[in-house]
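Note that chain A is present in both complexes that follow, paired respectively with chain B and with chain C.
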Partner chain A sequence: MHERSARDWIWVGLLGCLQLLPIFAIFLNSVAVDWAGTILPDGYTLAHVQNILKDPRFLQSIQNSLIVGFGSLLVTPFIVVPAILVAHCYFPTLDKYLAALVILPYAVPGIVLALGLLRIYSGNYGIVLNGSPWILIFGYMPLAAPLYYVPIKNNLRALRVTELFEAGRLLGASDALILWRVVLPCVRQGLIIGLVMNFTLAISDFVYANLLVGGHFPTLQIFMGVLNGGSGRKLSVLITTYFVVIFVATAIVVWVTSRRSEA
Partner chain B sequence: MSYVEIRELTKKFDTTTVFENINLDVDEGKICVLVGPSGCGKTTLLRAVAGLTHPDSGVIRLDQRDVTKVEAKNRGVGMVFQHYALFPNMTVEQNLAFGLEQKKLPRPEIRKKVDGVIELMGLGPRAKARPAALSGGQKQRVALARALVLEPKLLLLDEPLSALDAQIRKRLRDELKRLQHDVGFTAIFVTHDQEEALMLGDQVAIMQAGRFVQIGAPAEIYNRPANLAVANFVGDFNIFDPATVERLFGVAAQTSSWAVRPEAIDISPADRKASANGGAVETEVTVMAVQILGAMVRHYTRAQDVMIKVDLLNKPDQRLFQIGEKARISIARNAIAEMNE
Partner chain C sequence: MIDISAKTRILAWLAAMPFLLVVLMFEIAPLLAVAANSIQTETSFSLSNYSEILTSKFYLGSFKVSFLISIATALIGLGIGLPAAVLLKRMPGRVQQFVVICSNIGANFTGFPLAFSFVIMLGVSGSFTLLLQRIGLLEDFNIYSTSGLVIAYSYFQIQFAILLVLPSLAAITAEIEEAAHLVGASRFAFWWRIGLPILAPSLLGSFLLLFANAMGTYATAWALVGGSANVVTIRIGELTAGDVFSDPYLADALAMLLVVSLILPIVVEQMFLRTKDRDR
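On to the complex of A and B.
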């Protein structure tokens, strides 16, 4: 392996600083007394944090976002991941169509997709989810599909799946068991990336949340939208909270999936 | 009755016939090597025996039981794949235990069997390693151990050594032969390497274009190829058509070609009578090139317009012929395999 030099570390450090600097600046702004015309704030206070924490809308929005985020994680991977695995393992000729299908939601303008989702879930087809968090959970599913598809497919391409199945069958295992005990752990990295990005999408989306549920189910992003144009300090507190939530949720996802694969 | 019986087996993919009405018998405790060029149908036949491909017609019997329509996992067959097919997320031990777990054996028994096969294959130091941390040779040993630990009725090996470099390949070949001697398993081994086939097989079946062109013991295949195609495939035979035989050796009225092994030809200086016994045929040649092949020294000679390969044992005191030197070659009658197209 290439031996790392001091120059490598400097580059990595600079890159890390570049990525962390905006987050750190937002955090400083959230605890600043006043910050204008100087490199660092004039003073520090937790008053904005306390104000936000006392605001019932904030706690409600955090709760709603977590419901949508974890709700999406409880539904989406159980539908999307098996579809990816089955297409790859059993229908390789159809897989190219799935590849095109999963990116389709990103080719459609957001408003069109939102109206389509409203139409589907407003009872026209026997399903009524309008105004509830479920419409967001199911609405994010097509948007999350490529977030699982791309990293998991990359993992699958490195595997000789057909041979693994054949070896497993000759050893007496069913296909479902081989999928569960061999294939799924081998795509763990792709799955973790998918889960984290799925959660991030669900918790950071404003467009669909605003169009599909709006004030009926205010998420963190909708609450941010409400505060936008008001106090910059409060907004900074919200954004800092958002980063903390993302960080903690990512850590939980990685921890849970790592434990599962070691078991 | 043979231990493995293949009767009138046919397999077609759409309009392409892979093999048609082929028959094969393998005795218990023996290794049968299927050898042939790529695309001749040997791997498809192996997969049909494993239950991974379904034949269109015919019967496969294993230990007197018709397994033609039996699911792969219930055939009692173990298989070693060319690219190992080890489970990448499991350690060596876990890979070995996987099949035993499917049989619902008690934990202590699984442990005992896994430990036993690890010792047999010399995998002890790597037992906790995952496949990615193993060398190609180690991976193939694990794949073999994973098949053997289930004590299969029949072991199938699909070109298991072809992805390895020459040194490891040679060592694993020896190990496989030792294991077969120690454990006494019955195996069908697929390869396209004739040297591997002759070394490993108790029985060698040469397959060409979906049919067996010769089945026999290695010595028989080596010394008495059934036809020119086999002779060309099995090795470095010098092939002389009837006209050439008459022109070079003065033997007329031949209707069949001659196949002669390079090492079966005696070569001596042109001014000395060749040391052949009575009834041998002789001709004069010119040495065109000399190549050291390790244990043998190959002389490329020319008699009139015909190239003839002659091998001599590479002994320290061996006289090597010089390029351009005139020489005399002699072929004993019993070294000549006569054959038709």
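On to the complex of A and C.
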């Protein structure tokens, strides 16, 4: 019943192709000489790439997106992951509330939360965060929480935490040490998925970036909005760059996190 | 769960505190602010925002369009995502992990990148439009329309569905499949009589999240159709950032109605699941 047939592989391949199709279309458009009224481009060129490199807004937007993306990665896991771990190990009641809290961003659309953030952090209550990347880094945190919670929780469920603690304490280890050296490495896989998804979220978001920061700190997505409606060649190069950034960052996160575990 | 000393308990709470604070400040507080604003106008407290929306053909129409798009794309998402997840489940772990990461990128593939790629493929002079026209399968297709939105949304809905369904497939163990195989159940019979009933509660949950995901989509609708798309999120954005129609209080009321329309089914589902668990 469980043999993998060639047919399965063909289906999986087909699925992968469908997933990649839109990305491929954009890439093709970014290197096309002329592509109107034909199924495939007439010829290929790197002129659009050179063209956009001359635009200072291009590098600026990439830089800004990287600041938000890596800024989010530098803050979010340190705030979210400890809460997930202690709730799972010590506070089952808190864990139940966390499970509800992490569903909330799915039920409450980004645009609704963005409206609220717009009202609160524009200075009406003495705090001004809007217009700076900080509102994005902190605003994405509740949205990123489920991306850590779900996969890490999956890892934790497979773990006999109580016994790990009993054994660790018997050997004289402090709880903090057990969490750091035993439990955390066991949830590494979930953590990697969380980090990758967190980064993707941070540089893919348009709603928060547009409503809360906009032109003050134009990210890749904001610049895409600016270029939308033009010839589309520049936009294609920009979107291709966005994919390269996601791909490279994913590779780096997976590489770094899997290396640290070997050390 | 694990017994701890008073000191460890305090330290553990301190470790959880920053996250709870962030949730309060950046998730709960904004939601409360929207709720509070929705019952105000420029001059006073009133429910007039709500009565304006509930008597407006325009705003009710935007809810209707959003509902239709969301139900359609949630069904499409599950219809393709479920078989895809079943297929992936049979693949080696590494392939699964790879596809999960790809699907996550795909589920985040919204807004301008998504809209523009579909314009390239299915726009007026898009590759596939031309291809389908040439082989005579298509006469005319307008991507800048509601059906265009359904097609574009389906792309991320399918991938989100894969992400949601894949973990729940653990409930269908090899033993169950083998047992069904031994008594001679066909593949169809297995899924119809055993597989789907087992998965039904989690599929319902996935459907509701997919529905909510589509209802809340703003960037893709904005990027593809712009202000002329009559979906709820576009109306909210227009009332917030628009130059002509700006009315933040009305925007907040519209946002609250959107939230209620998403949370209500999820709450009902949870209650339903809880009574069902008790009955067992």
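Here is the rule we use: the second predicted complex is superposed on the first by the 241 of 263 C-alpha atoms of A that agree within 3 Å, B and C clash if a C-alpha of one lies under 4 Å from a C-alpha of the other, contacts with A are read in each partner's own complex, and residues count from 1 in each chain.
Going forward, a residue touches a chain if its C-beta (ideal position, glycine included) is under 8 Å from a C-beta of that chain, and two chains touch if they have at least 3 such contacts.
Quick caveat: nothing in here was measured; it's all calculated off a predicted structure.
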For this session: Name the contact category of A:Gly123: first (chain B only), second (chain C only), both, or neither.
Result: neither
For this session: Considering only touches as defined above, state whether A:Ile26 meets chain B (first), chain C (second), both or neither.
Result: second
For this session: Tell me which of chain B and chain C touches more residues of chain A.
Result: C
Exercise. Does chain B (first) or chain C (second) touch A:Asn154, or do both, or does neither?
Worked result: second
Problem set entry | Partner chain(s) touched by A:Val196 [first = chain B, second = chain C, both, neither] | second
Exercise. In the superposed arrangement, does A:Leu170 touch chain B (first), chain C (second), both or neither?
Worked result: first
For this session: Sort out for me which residues of chain B touch chain A in the complex.
Result: 50-52, 71-73, 77-79, 81, 83, 85-90, 98-99, 102-103, 146-147, 150
Problem set entry | Of chain C, residues touching chain A in the complex | 1-2, 4, 8-9, 11-13, 15-16, 18-20, 22-23, 25-27, 29-34, 37, 84, 87-88, 90-91, 95, 97, 99-106, 108-114, 116-121, 125, 127, 130-131, 134, 155, 159, 167, 174, 177-178, 181, 209, 212-213, 215-219, 222-223, 233, 236-237, 240-241, 248, 251-252, 255-256, 258-259, 262-263, 266
For this session: Report the residues of chain A in contact with chain C in the complex, numbered from low to high.
Result: 1-2, 4, 8, 11-12, 15-16, 19, 21-23, 25-26, 28-29, 35-40, 79-80, 82-83, 85-87, 89-92, 94, 101, 103-120, 138-139, 141-142, 145, 150, 154, 161-162, 165, 175-176, 189, 193, 196-197, 200-201, 204-207, 210-211, 221, 224-225, 228, 232, 235-236, 239, 242-243, 246, 250
Exercise. Inside the complex, what are the residues of chain A that reach chain B?
Worked result: 159-160, 163-164, 166-173, 177, 181-182, 185-186, 188, 261
